[in-house]
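Remarks on the structure that follows.
We just call them A, B, C and D in the order they show up, numbering each chain from 1.
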Amino acid sequence: MSQPRIIAGKFEAASTQGWRARWFEIIFRHDPGAPRRFDLLLIAAIVISVIVVILDSEAGLRERWGYWFYLAEWGFTLLFTAEYLARLAVVRYPWRYARSFYGVIDLLSILPTYLSLLLPGSQALLVVRILRILRIFRVLKLMEYTEAGGVLVGALYRSRRKILVFLVAVLTIAVVFGAALYVIEGPESGYTSIPIGMYWAITTMATVGYGDITPVTPFGRFVTTILMLIGYGIIAVPTGIYTAELALGLRERRKDACPDCKLAEHDVDANYCRRCGGKLPDA
Amino acid sequence: MSQPRIIAGKFEAASTQGWRARWFEIIFRHDPGAPRRFDLLLIAAIVISVIVVILDSEAGLRERWGYWFYLAEWGFTLLFTAEYLARLAVVRYPWRYARSFYGVIDLLSILPTYLSLLLPGSQALLVVRILRILRIFRVLKLMEYTEAGGVLVGALYRSRRKILVFLVAVLTIAVVFGAALYVIEGPESGYTSIPIGMYWAITTMATVGYGDITPVTPFGRFVTTILMLIGYGIIAVPTGIYTAELALGLRERRKDACPDCKLAEHDVDANYCRRCGGKLPDA
Amino acid sequence: MSQPRIIAGKFEAASTQGWRARWFEIIFRHDPGAPRRFDLLLIAAIVISVIVVILDSEAGLRERWGYWFYLAEWGFTLLFTAEYLARLAVVRYPWRYARSFYGVIDLLSILPTYLSLLLPGSQALLVVRILRILRIFRVLKLMEYTEAGGVLVGALYRSRRKILVFLVAVLTIAVVFGAALYVIEGPESGYTSIPIGMYWAITTMATVGYGDITPVTPFGRFVTTILMLIGYGIIAVPTGIYTAELALGLRERRKDACPDCKLAEHDVDANYCRRCGGKLPDA
Amino acid sequence: MSQPRIIAGKFEAASTQGWRARWFEIIFRHDPGAPRRFDLLLIAAIVISVIVVILDSEAGLRERWGYWFYLAEWGFTLLFTAEYLARLAVVRYPWRYARSFYGVIDLLSILPTYLSLLLPGSQALLVVRILRILRIFRVLKLMEYTEAGGVLVGALYRSRRKILVFLVAVLTIAVVFGAALYVIEGPESGYTSIPIGMYWAITTMATVGYGDITPVTPFGRFVTTILMLIGYGIIAVPTGIYTAELALGLRERRKDACPDCKLAEHDVDANYCRRCGGKLPDA
């Protein structure tokens, strides 16, 4: 008689019993108990390794503790290498995991330290560090399983197309106004090219306004005022989209479908199906 | 026996059959198939032509690839000229199209390249480029036909009057505070005139804050604090307007009540009363 | 037999017939026809007079057109003086009008030009101008009568107490962080006093960020990061308040009260009073 | 026969009658009458003492009024000391009060003035001042009892977990982009370490944009544009969270359905079903 298959997301355990099944559950799943503890330990290790990278970038600290940072860097690299090999060992289709988003990130986050042995140099080491920082995304990955994170990500996911349309509109306005100030102000005000103008236009529309590039001619300032008023109105759009989606997500509906026409999503106080008029099961 | 007329928006095909009817459908309509493919090709051409203009503005790139940019510029100009003539050929009232918003943009976006032959000069060429960039607005025009864009534009359209009232209020505050700091700070702080003060006030209220002009006197900074608190509260207004409109748009209800139990507020797609199951009047 | 009294807001016409009743309706009321035309003419005059003041502040323009600006200034002053006297003449209790908000603004907006005859000097003239600019508030006063403006002002009015509480919280945070950076950074970074620190803190929380004063010490930057994250979360508050109020304002309720217990504000689909269970009049 | 116990929040009066019971009510409770007057007097004293601290930090004012500021500082210290001792005297478990949040703040806000006698020095005095400023938090504490403040704080409290998740996401993005620009731009542009880069990234995402550190390389500016667009979209998240929570708070409904007609979703204050008039179960 065959054991039930062990699934975690889109991955499956290599075997249904024995140490590989056990470790698959610990590494890939997020159930309370050992798997949850493993997740928390892993996140802690990731956060600490990132903090080491951050501290190591401080010249003053590197001078004093550089040696220990170097040791910690190698320690975490070996630790995460062991984890990566374990993942390959216990999953049924290792190649599918290796090609997955986090599989790639896991590999990228350990590879550079080894590469730094072959081709040394501060620049290469920096690349190592920045790649390793990506590992912290796993924290977010985990958060998807918490209720709060789920609601936020869900609303973002549902409004992805609206946000895309919005971004296209923002980019269009950025091109038009960036080119306009490139023509009006010209290089002497810092608008040396249309891409620079677009960078300035997005800085302005996003209401960041560094001030590293600003219009000086009266007409340029007039056009900038118009751009700011546009940005003023347009900053409402993503907020509106997201809030509306979130409100819809929080608005509760009857989950059970109509027995006759199978229409789901009825109001809380509905007794009859709004499409076919069939009686709904009493709530 | 007469063919049905072929309509696209406010335009009508020149003839109901033959190549002009066929091309009218391809050029003016957005149905799946050939018309949709034409739209996508056109957008691709517009985007690429704009990218060429953007790259051409980079001094470094122009030196190396200027010649190819020039060729591409002429290539696109001829392409869009052919498209413009085709539109005039297949539409029933060419003059009405030529006078329409996109008709004017289409003409403006090809004219300057020809003008640059008669009156050369970098400035003129720049004007050519900025005008050509307007062509990308067609991307937005198309997006109006996608569901996501429709919702966003619809909500913006419904709240246009509220936003106008809001902009008048913003301008009024900008005049009052711009003049106030022109009086308080004066030219030595950069407030050389009330228009400059208005530019600064809008920069502040829109929370852009370039920092190219800032108050230095204690009283000027106090007034600025008040302006920022006003802007803090007032930035809520467009967001509130837009979110409320968007929520209304996403959650509209039938106004007519159930004839049997007088229950109002049914879903838009409701045929039967959700409370008593009675037939609702057809919408 | 006595005529009905003529009311406009909190003002009453001096007489119920004759030229004063006629002019009271024209000046104080906003009905279609003559009164509406008068309002529009007045707004036009206000806007133009303000534009003259704005243009006059441009050194270049004043040199060339200063004389005409001066004439326009006096023209508008005499015009608004006549309007002010007319208002006093046709209203029943002139003193009550003179003490009202717009009565005071009307007087303040004409007085300074006359004062400038007694005590000349550019500074005095500037004061004249800034005061005159206040006159544009009448545009907003009128807008209260338009539907769109009414909704916006109504929501702002309902949420005034929440916004006040919010402002107190913002000021408290500004004091704490302003004093913190005054201690941490000190005068050499530009934090020469706690008020300057508060000015900087509000600039930061309002996400304006001029950059005229910025932290330079690592600890100061760390505290600033905390302040920005607080501001990030807190900018949601006024938007949330306003949006919720606006949504409530747009949400419709039955206007008629319960005949038994006089409870107003029932749901649209209510047949019985939710408090006393009494039958409501059919909608 | 025993008196009822006198409670205020989590504190209890030391005795049920006599002056201690009387003063406990005045100091710890917020009922109309004497307790409310005491609260208002206390807030007034706190605000004035903070204003004195703020004015004292102005070099110019300190020179002229420093002596009076010093006197006021001691006056308020003695006043608040008396208040602190009174609180200890009238509460049943003084130690529990002393350990409570406001008990600690109360002590911290008076202690440093006495310490400044033992160890003088401007730095120490500044610490005194900043600590004393914390006392203004009591204003917020009181506001919790006002309706408006309660709604705002309540919504913030309900959405605390979502906001936490959001902050983690913001910090993650800050680490990634901060490290990215530390690598791309390097020290010569001011990105001397990853912490500085994170400070810059949060300045950018919060749309503050001081401009003290800005990218100069084309690639750095391109990455910055992406960061700004992310921040543009992400600024919607806290607003959306808070608005949705606030809307839920303003519009909460009874969950239990009408026993007769099964209509769910009644107002919180409903005693009878709005549809059939049937009595609802008492909440």
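Operating definition for what follows: contacts are C-beta pairs under 8 Å (C-beta built on N, C-alpha and C of every residue); 3 or more make two chains touch, one makes a residue touch a chain.
Note that the structure is a prediction, hence the values are computed from the model and not measured.
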- Task: Show which chains lie in contact with subunit A and also with subunit D.
- Result: B, C
- Taking contacts as defined above, which has more of them, A-B or A-C? A-B
- With chain centres taken as the means of their Cα atoms, state the distance from subunit A to subunit B in Å. 30
- Message: Taking the mean of the C-alpha atoms as each chain's centre, how many Å separate subunit A from subunit C?
- Response: 43
- Item | Set of subunit B residues in contact with two or more other chains | 195, 198, 207-211, 235, 239, 241, 243, 247, 263, 275
- Contact residues on subunit A for subunit C in the complex? 207-211, 239, 243
- Of all residues in subunit C, those that touch subunit B in their complex: 50, 53-54, 57-59, 126-127, 129-130, 133-134, 136-137, 139-140, 143, 146-149, 151-152, 155-156, 163, 167, 170, 195-196, 198-199, 202-203, 205-212, 235, 238-239, 241-243, 245-247, 250, 268-269, 271, 282-283
- Touching subunit B in the complex, subunit A uses residues 161-162, 164-166, 168-169, 172, 175-176, 179-180, 182-183, 192-195, 198, 204, 207-211, 214, 218, 221-222, 224-225, 228-229, 231-233, 235-237, 239-241, 243-244, 247-248, 251, 266-267, 269-279
